[in-house]
Amino acid sequence: MTAKTENKEKRIGLFVCHCGVNIAGVVDVEKVAQVLTDSPGVTFSTDYVYMCSDPGQQMIIDTIKEKHLDGIVVAACSPTLHEKTFREAARLAGLNPYQIEIANIREQDSWVHTDKEKATKKAVKIVKSHVAKARQNENLDPIRVDVTRRALVIGGGVSGLQAALDIADQGCEVVLVERSPSIGGKMIQLSETFPTLDCSQCILTPKMVEVSRHPRIKLLTCHEVDSISGFVGNFKVRIKKKPRYVDETLCNLCAECEKVCPQVVPDEFNMGLSFRKAIYMPFPQAIPGTYTLDAEHCLGLNPVRCGKCKDVCDKKAIDYDMKEKIVEEEVGAVVVATGYDLYTMQALGEYGGEKYEDVVNGLEFERILSASGPTGGVMRRPSDGKVPKSIVFVQCSGSRDTEKHLPYCSKICCMYTAKHAMMYRHRVPDGQATVFYIDVRTGGKSFDEFYMRAVEEDKVLYIRGKVSKIFKEGDKLIVWGVDTLTGKKVEVEADMVVLAMAIVKADGVQNLVKKLKISTDIHGFLAEAHPKLRPVESLNAGFYLAGCAHGPKDIPETVAQASAAAAKVGDLFAQKELLHEPTIVPVNDELCSGCGICVTMCPYAARTLDPARGVVVVKEILCEGCGACAAACPSGAAQQRNQTDDQIFSMLRAMLRE
Amino acid sequence: MKIHYYPGCTLKQKTTALDISTREAMKRLDIELVEPEGWSCCGAEYPLTEEKIAGLAAPIRVLRQVRDEGGDVLVTTCSFCFAVLKRADKAIKDDPLKHKRINAYLRDDIQINPLTKERTTGFEDYNGEVKVLHLLEFLRDRVGYLKIRERLKRDLKGLAVAPYYGCRVLRPQKEMAVDEPDSPRLFEEFLQAVGCAAVDYPFKQECCGSYLSVSLPAAATEASYRVLRSARMNGAKAVAVTCPLCFYNMDHRQDAIKETFLDFTGLPVVFFTQLLAWALGVEKSMLGLGEHRVPADSLFSEAPATEVRT
Amino acid sequence: MFEPQIMCFLCKWCTSSAADLAGTSRFHYAPNNINMRVMCSSRVDPQHILYAFKEGADGVFLGGCHPGDCHYVEGNYKTLRRITLFKTMLKDLGIDPKRLRLEWISSAEGKKYAETMDEFTEQIRALGPLHLNEKALVQEVVKDE
Amino acid sequence: MRVKLKAGRDQRKFIERIEELSGENVFACYQCGRCSAGCPMASEMDLLPNQIIRLVQMGLAEDVLRSKTLFLCASCFTCESRCPKGIDMARVMEAVRHILDPKGKDAFGPGEISPELAQEVPQQVLVAIFRKFSK
């Protein structure tokens, strides 16, 4: 892979850039080029006004050919800007791109100093050190590896569904893993969606059906990722299949089992506002369309104890003996779309969410509004079924609280609260809707118009102030707030209160990220590779992020991010083979004593000790080239390519020796 | 068990009921209370600005005395004393500047030997060696509700009592760290341990008007009325307090409350220690009931508690 | 006035980017430093530092990502452990540990980079040149090729 | 009348002094008003707690220093316990009281208590209120 450069002295070309006056205004570039002429190895040296310009690059290409150069130092701006440009120029001239060295004499010299003499002296040292390094650079080729064109999508909410569909439509296979019995996620629980008031179920169910029928999507509900190994393009995933106790291929949804089941438990789909049986269908449009037996609440998965459902099932679909199983899949990329949860109302004791039935969170209110919800879409409050004549909506419940709760803005609450208040006013025309807010944030297409509609047409009363306390008096809820605009302390008697609880990381996501070895921010949301330029990739190659797992966002943004993640996966799969930076740290077998110190240093498990040979072996594709092992290696067997200890010592000599 | 006890100035003069009932109750639990030698007033208010730190001298002097007498715990009942002592102790531990300045100031205190009358000076720095506990905390953590239950002599028959925390015991939580400020359990658990039923009501941690009682009596009257009304509405037969000032505002002020708020018909206010002492079998005469303006005698009758007239 | 030579090893992802940002933002600072860009602060071997002292550096600076922000998961923690230990050894070698400085400077902290450079330059200036006998000691430790 | 916001030293000095005395960052306040919403004495106040802190942020010392609110705070810390930004409003109030004219009249001094009242109330209330409201 690495063609060892011969021992004979290399022919180095030095090109010093003026960058107009950006460098030349402070650094005497001509002097730099001239002083270095006599340096060991330098065969050619010149300066030019813009090295990155076409004529500048052409000059480099021509000189390489003419002077038979085998090493280049370009003294110019930061390597983050034009290293790629000059490597490409070298390639065009037939020189190995890794023979290019960039000496940064702009950002780290001419732009930060004013004393011309000192800056020039410093430039000379910088350039000298890179010449010293270039003399020992080797020809390198990127490491190549095949890619499995099959993706794993974790999470069956709208983001996971969209990502799966987009990848599958690009022609690649997808494995979609969802831990609950049905796909649909949180979006399927919503009533209408802002700002268009589309029915959430009506727009999501077609996507769910499409996913279930797509020839290239393998849908695994009641499944959870157990472990993952390998690297980008080549992952092996172990997936745990949790028993459903109902054979989904046999169940014909006759509902006889549900009728005879004696166990009644709170219904998760309706946020506990109604009840279901221990054998149940999560909701009518659930996919896959099958009953699921909730073993936790079943009387005992034992015909002796109950067995009623099994008795009535004509199709013999119920099997109490189903066991947990592990399935294995090979994939090349992973999209993590694990969604969110709401902050617990228990944390806000002063709002009484845990104590009072009529204090509900946003998702509970969605179910109350929903035509498929516990009240069939009729506005009734949970405690006594009365139609609430006054509802108070409390924004920022737990959000934007750096002291005790969550410091960030949950982003979607302003809009869904406007929607809630509006929907309530439509359902109860003589009802009073009062919203307590700190700021209303409506940055989004048609968002502010929607909010204004709630205020102007539906006469929702917005009060600028945060609620301090909510308590019950008789059958009324008393809300203590303040209107900071008038400076009046406000007390509202409400029949019901809706808390716009903060969005938090999904329960259990911390275990998943440990398995995937991807990072999160301090709140447990998945971390992107770059906040601006790489917003849908994880830092760990091959992992992509979609939806609220990455941070609070609304449906259009979630869908856009899911599609972007899918496009990035497509990008990866479009490559014939994957290229990996060759500046890794291999092992020199002859020097390695097998002490294994480097193995413990490696964060990527790229290094393992071969017990038979007593030396360390390196899985090159896993090595990211940080060099921690090279610094730790006591024998010098671990040397970073093109940044060996010898090269570092040479650079130090060139820089420091007067 | 022998434990340092700081009654504070109010308990020694105006509100002896709290002091007497505490002492009687502790006797029944085999706990001997020791007052730190020569203690002074704690200052009642913890200084809230960075420059008025002289106010820390008095509480730290008390705590240093406890330490020098070999104590590691100081128990108080009055919420004001509790807050000042606990916060001063925390400041000494957390703030090196306060530690330095207060100790530098206190080092030159003069000590008089009670026997020889010899005057010496040069105290050792106080570094937060003493843990300040409210009696409610002490009962929960050091005595244990189990022991209290074992020693109960009277059945309070689930008397519906509204626990009133007021402000100082719970807040600021960062410093007091006694319980959750908006969903506390400490007082409720105590009431249940002595045989009462704890009434849940939303005003248990609201302010009674505090010291505005003298500068703006009407405000304190209204604030206390709101607490009492809420307790009544939620079925309380009495309100239990820990602080002499809460007691004053809610008990001594009830005539004024009735005059201002015609819907209010009265509710007895008691100290938590009176309930404890009574349940442990202390005689009625030792409860200090004579200090109450709103008669509370009927709560402490041998007759079933359910017949309490309110 | 004594002009010290300061050798900086900068992590490519954070501190070197911060040095670039200082340039883009035109934050001026003392020209006494020369930078070497490494992939990660954990690439720096104490031998490299000793060698820099031996070759004429009066101060050595090491810049990495803030704890928890390492591009390579935890390289900066390895650096911290190494440097903490190494500083105690420096003392034994007769080199004032103040001549070696480790700082976490993120790619957004151009200002901090410039200020740190000025501050460190002044600090080394105050310590004076690294004395020859110190250098002699180092000579024994670092093998010269 | 239009309030003039001058970027002068006086305003900065006032803000810095309040921050120094209270140990609180008044600029952390984003004016949610939760302190006022829960304040037991808010109905008696001419300026709500959040308005006091707003005026401090703007450096309008005079408006703050003549407010009755300073002497209505009972230091019950309800605001502190619910402030989403962790600001202890009682400390800010005390800091403002601290810089009131030292030669001015006591807001509430010993002279205002009748001997009868002094006989009746618990000692702690007298110590407390003089500590809070007199110089």
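As written, the chain order gives the labels A, B, C and D, with residue 1 at the start of each chain.
Here is the rule we go by: a contact is a pair of C-beta atoms (placed from the backbone, for glycine too) under 8 Å apart; a residue touches a chain by one contact, two chains touch by 3 or more.
Computed from a predicted model, the values in this text were never measured in an experiment.
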item: Between the pairs A-B and B-D, the one where more C-beta pairs touch; value: B-D
item: Of all other chains, the one whose Cα centre sits farthest from chain A; value: B
item: Per-chain Cα centre nearest the global Cα centre, belonging to chain; value: A
item: Length of the line joining the C-alpha centres of chain A and chain B, rounded to whole Å; value: 52
item: Whole-Å gap separating chain C and chain D, where each centre is the average of the chain's CA atoms; value: 50
item: Rounded Å distance between chain B and chain D, as computed from the means of their C-alpha atoms; value: 27
item: Interchain centroid distance [CA atoms averaged], chain B/chain C, Å; value: 58
item: Junction residues of chain A, two or more chains touched; value: 350, 469
item: Multi-chain contact residues (two or more partners), chain C; value: none
item: Residues of chain D touching at least two other chains; value: 78, 82
item: Touching pairs among all chains present in the structure; value: A-B, A-C, A-D, B-D
item: List of chain A residues in touch with chain D within their complex; value: 350, 396, 400-405, 438, 464-469, 480-484, 487, 489-490
item: Contacting residues of chain A [partner chain B, same complex]; value: 348-350, 352, 354-355, 469, 471-474, 478
item: List of chain A residues in touch with chain C within their complex; value: 78-80, 104, 106-109, 111-115, 118-119, 122, 125-126, 129, 519, 539, 583, 601, 603, 624-628, 630-632, 640, 643, 645-646, 648-649, 651-653, 655-658
item: Residues of chain B that touch chain A when the two form their complex; value: 180-183, 200, 202-203, 230, 233
item: Touching residues on chain D, where the partner in the complex is chain A; value: 28, 30-39, 42-43, 47-48, 50-51, 78, 82-86
